[in-house]
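After this come two complexes, each holding chain A, first together with chain B and then together with chain C.
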Partner chain A sequence: MKILKRVLGVVLALFVAALFLFPLLWVVLASFKTKLELLAVPPVFIFQPTLQNYINAFNSDFPMQVRNSLIIAISSTVISIILGSLTAYGFSRYTIKNSDFLQFWILSLRMLPAIAVVVPFYLVFRKLKLLDTHIALILAYCLTNTSFAVWVLKGFFDEIPLELEEAAMLDGYSPPQVFLRVALPLARSGLATTAIFCLIQSLNEFLLAVSLTTRVAETAPVGLSKVQTLMGVDWGLLSAASVIFMLPIVIFTIIVRNDLVRGMSFGRMK
Partner chain B sequence: MARLELEQLDCWYGKTHAVDHINLVVEDGELCVLLGPSGCGKTSTLRMIAGFVRPAAGEVYLDGQSISHLYPGDRNIAMVFQSYALYPHKTVREHFVFPLIPAKISEQEIARRVNEMADFLDMHDLLDRYPGELSAGQQQRVAIGRALIRHPQLFLLDEPLNNLDERLRVEMRANLRKMQQDLQITTVYVTHDQVEAQALGDKIVVMDMGHIRQVGSPQEIYRHPNDLFVAGFIGTPPMNFIKCRLEREESQAVLRNTHFSLRMQAALAARTESLVEGKELILGVRPEHIRVASQPEEGAIPAEVYVLEPQSNELIMALKLGNLIIKARDDKREIGFRPNVGQQVWIKFLQDYVHLFDKSTEQCLT
Partner chain C sequence: MAQETIVSNRAGPATAMEAAAGIRGVWWRRLLFMPTIGLLLLLAIVPLVFSLGVSLFNYSIGSKPIWVGLNNYINMFTDPQFWLATRVTVQFTIAAVFIEVVLGILFGFVMNQRFTGMGVIRLIVFLPMMLAPLVVGLFWRFMFDQTFGIVDYLLTWIGLPTIPWLIDPFWARVAVVVVDVWQWTPFVTLLVLAGLGTVPTDLLEAATLDRASNWMKFRQIYWPYLRFPLLLALLFRSIDTLKMFDVPFILTGGGPGNYTSTLSILGYRQQIMFFNVGMAAAISWVVVIIINIVTNILVKLITPTKVEKVHTGL
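== the complex of A and B ==
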């Protein structure tokens, strides 16, 4: 009975995993196929792989767009983590007037639909002469990422026993040192989790990116969308570009995977 | 070397008056225990000494210098927390080094002190372990080492033995006492456990509802409690309180209630001379000061054995006098018979040790 239950559990898990991984597998395979193989019905799974799609991708604007995406996403993530951890720590450790209201207000920024701010943002950035620059998108993404970071990190800081910080204070560490040397290292898994989500959010964002950039600061999702033209879609090129674009997140996730698991199973850290 | 002085220290949490203008002196090298039930203000007092809580009024003096306005780290005070407050991401060695970094001590001196502390706590083999890999007793030793490595002037302990099992607690209690005496460091120790307070303290401060009820040596607190609260808090099982009226029969003072009348011996009677007849009193008798006999004796009060709680060498008996239940504690060998539940016995109070309290003011009259 027990064994049966276990086997059923594993089968179910494999099924769910397959459901989510199949599109990925399809994209990876497609990126190595020729146009003909791509459109074959039924789809072929065994074929002679070609790198032509990747060569095409590298010879287009795509590398520059990936660079833009990475610059914007990493900058906005770093800024959001710095601002977010400081703010969250303040909410967690100090008595602040109307604390609950302020926290909700910050969180509500995250719920803001992007479509509602596209036009105002466009007007503001045009006035500031920041259209089609990295700075515009970095600032725009910081808005949602910082509010998200405050909200998530507050929970992690709340989990740290106050006594750990008091002990460091008695030892002669100043409040900023206590924050840097005690609180931050203990909130590591929270920082990793927040960073991943901010990165994914910033790399995937489309609406603001398409409205606030034209060419110089164009990001990868916007560039990829332009591969679909009236002349049809180059699926091979699109797949190769998608695979390249996935790599940064995959690599970062692997680097912080231990902290990530701990951060996701929130509240169990000891 | 330090003498701690609290002057009119006052603390509020919202509308709760946690500590109400207390005064206290802890002499150099003394171990002072703050004892009281939870919520009595003992931890708030400790946190004001450490500087985590700003007093609403009053001063804290260390060696005559006011430290009330100083940042915790500038007070030269160390503390062991109830939860030990160990960093899960630091090894034992890193815990020992951590407090020395802000003090700007040379690396050789740091190495020497870590070595010295490892000797002192016998922790050489454990220096590279993380707290998660240590037993509760070892974790506590790390917490103590981390606190003492800076050579602080004042050592604070907040219920440090709470998280240990009974056996380890008794062992660590003795270790702590020895350590404190070896180092001659002025110490304030917070606990709600009166047995611990009796075992450790040079001086016990009994607190309740933000007030200091009594300050004295363990013996004084036990032998001469100021009021009903202190009398009831110290000792296990607690002191028996029996409501009585003071009466005088043929010029002899008698304590009377519905269950018995007790003729007072000269020494005790002398204490009641100034009191008016008919005064409502509370008789306080510790279980260990009740003698139980199987046969009637002159002046003994009849009672019925209600519950028996045998200990290793003692017998704790709940005795029924009508609807009143009192507890007696006697040495198994000295009692001279084997009591059974329901058996009729005769009890005598050792009048040299009983206390009389004024029922209205709760103050001790003897």
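== the complex of A and C ==
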């Protein structure tokens, strides 16, 4: 009876995993199919794999779009981590006026719907001739990334024992030195985790990207969204491009797997 | 609430640090807060105020803005498209969040077992929520296809009729919910699993010895530890689905006949396709207000001084 229950549990777990894995496997399979195999009825599961779709993806605008995505995501993450670590450290170590209110205000910005800032951003960036540039999206992403970084990093700074910093103070370190030489190095892994979450969020964002770019600064999701061409939809190329785009995110997820709860709940649970 | 650890309120040592700071300390503190707050004001509050102003003008890109007062709002509230989009958005939110929470609890218990390979299984289950919603919507569109889609093929394989997924107004909405559920049930599962990790083992052992029924166990032992994570999941998911854009945009383009157009899609169309900036601003303000209400509930529930300590066992 006990063994039966145990086996049932394992089977259920495998079934749940299959539910989530199957669509992903199906795109990976699709990316290795020829045009005929992609549209075959009934769908084919066994076939001679081809790399043609990947070659096509590399010869399209997709590499440029991935480059744009990376430039924008990395720049915005760097800015957000610098500002976020300063402010998170401030909230963690100093008692300031209206501290709770400020923290909630910052959190509420993270919840702000992108559609709310699309209109003003579009008009302002148009006036500044910044539409379809990296700078526009970098700035736009700083809004969500910085507020996210403040909340998650505060949790990491809170965990550093104060005794270490006090000892450094007694050794004659000034507060900025304590921050740079004691607190930041101790929060290394937290900084890395937060940065990875910021990167993923920026790479995945779509509404602002599709509104503020037209061609030159187009990010990968925007490129992928323009699926309809005169020739119909090239599902092979799209699948290959999707797989390429998802690969770094899968690697990132494996790296931060122990901090998923923390990142996804803004540091409210860990 | 379960095992709250107070992590803030370190007034003692913090004031010691502050005392040592002096006049340079004042500048140091300004450096800690001012740049961030300045940037956030510039990137959020200024645009929001600007957009409120824009919503009072008849403002088409390329022509001179004309003051129209509340006309954009009056037009919006008398437009059946707006009410359809509101209804669709609320339908998506209620359906998706409800299913995600129910499945999330079930899957959380399934994932809470310990055996070799569970780490890998959990990683697979948590993967969808990390992917770009646009990419997820894209490959589901491929799978939902009428002629060569795998979903309809699997339905016929188990003896069910095929479904006109992206063509029929009802099934197109179901499709959007399916995609959201596929991508975000893992998020609820993650939080449930985290909550289950906090249940003390001696409590479970006692319940096993007492031969408590499954329902009793759930209600008396698990529930107190699941309440907070579920509340968090519920609110985060509601906020996200209320501003849903990517999935219906790529899956159905808002169609058929606007039956999958959310408020975000409606606003985007007014702005980018019809260049009707004033109207777009008015619509975006409705989304802001709805989400602000939900966010305020969220904020009341989570104070910055409380952090829930849990394990996921990855």
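Rule of thumb we're sticking to: the second predicted complex is superposed on the first by the 231 of 270 C-alpha atoms of A that agree within 3 Å, B and C clash if a C-alpha of one lies under 4 Å from a C-alpha of the other, contacts with A are read in each partner's own complex, and residues count from 1 in each chain.
Note that a residue touches a chain if its C-beta (ideal position, glycine included) is under 8 Å from a C-beta of that chain, and two chains touch if they have at least 3 such contacts.
Predicted, not measured: the structure shown is a model, and the values here were computed from it.
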Applying the touch criterion given at the start, work out whether A:K154 contacts chain B, chain C, both or neither, answering first, second, both or neither. second
Winner by number of chain A residues touched, once chain B and chain C are compared: C
Can A:V119 be said to touch chain B (first), chain C (second), both, or neither? second
Counting only touches as set out at the top, which of chain B and chain C does A:I255 meet: first, second, both, neither? neither
Quick one: classify A:L180 as touching chain B (first), chain C (second), both or neither. neither
Contacts for A:A167 in the overlay, against chain B (first) and chain C (second): which applies, first, second, both or neither? first
Just checking: does A:P221 make contact with chain B only, chain C only, both, or neither of them? Give me first, second, both or neither. second
Please indicate which partner A:L247 is in contact with in the superposed arrangement: first for chain B, second for chain C, both, or neither. neither
Where does A:L238 make contact in the superposed view: on chain B (first), on chain C (second), on both, or on neither? second
Chain A positions within both the chain B interface and the chain C interface are 166, 169, 174, 270
In the complex, chain A touches chain C at residues 6, 9-10, 12-14, 16-17, 19-21, 23-24, 26-27, 30, 38-43, 83-84, 86-87, 89-96, 99-100, 102-104, 106-109, 111-124, 126, 139-140, 142-143, 146-147, 150, 154-155, 158-159, 162, 165-166, 169, 174-176, 178, 200, 203-204, 206-207, 210-211, 221, 224-225, 227, 235, 238-239, 242, 245-246, 249-250, 252-254, 257-258, 260-261, 264-265, 267-270
Could you list, by residue number, the parts of chain C that touch chain A in their complex? 7-8, 10-11, 13-18, 20-21, 24-25, 28-29, 31-33, 35-37, 39-40, 43-44, 46-48, 50-51, 54, 61, 107, 110-111, 113, 115, 118, 121-135, 138-143, 147-148, 150, 153, 182, 186-187, 190-191, 194, 228-229, 232, 236, 239, 242-243, 245-246, 249-250, 263-264, 267-268, 271-272, 277, 280-281, 283-285, 287-288, 291-292, 295-296, 298-299, 302-304, 307-310, 312, 314
Listed in rising order, chain A residues that touch chain B in their complex are 161, 163-164, 166-174, 177, 182, 185-186, 188, 270
Contacts from chain B onto chain A in the complex sit at residues 50-52, 71-75, 77-79, 81-83, 85-89, 98-99, 102-103, 132, 146, 150
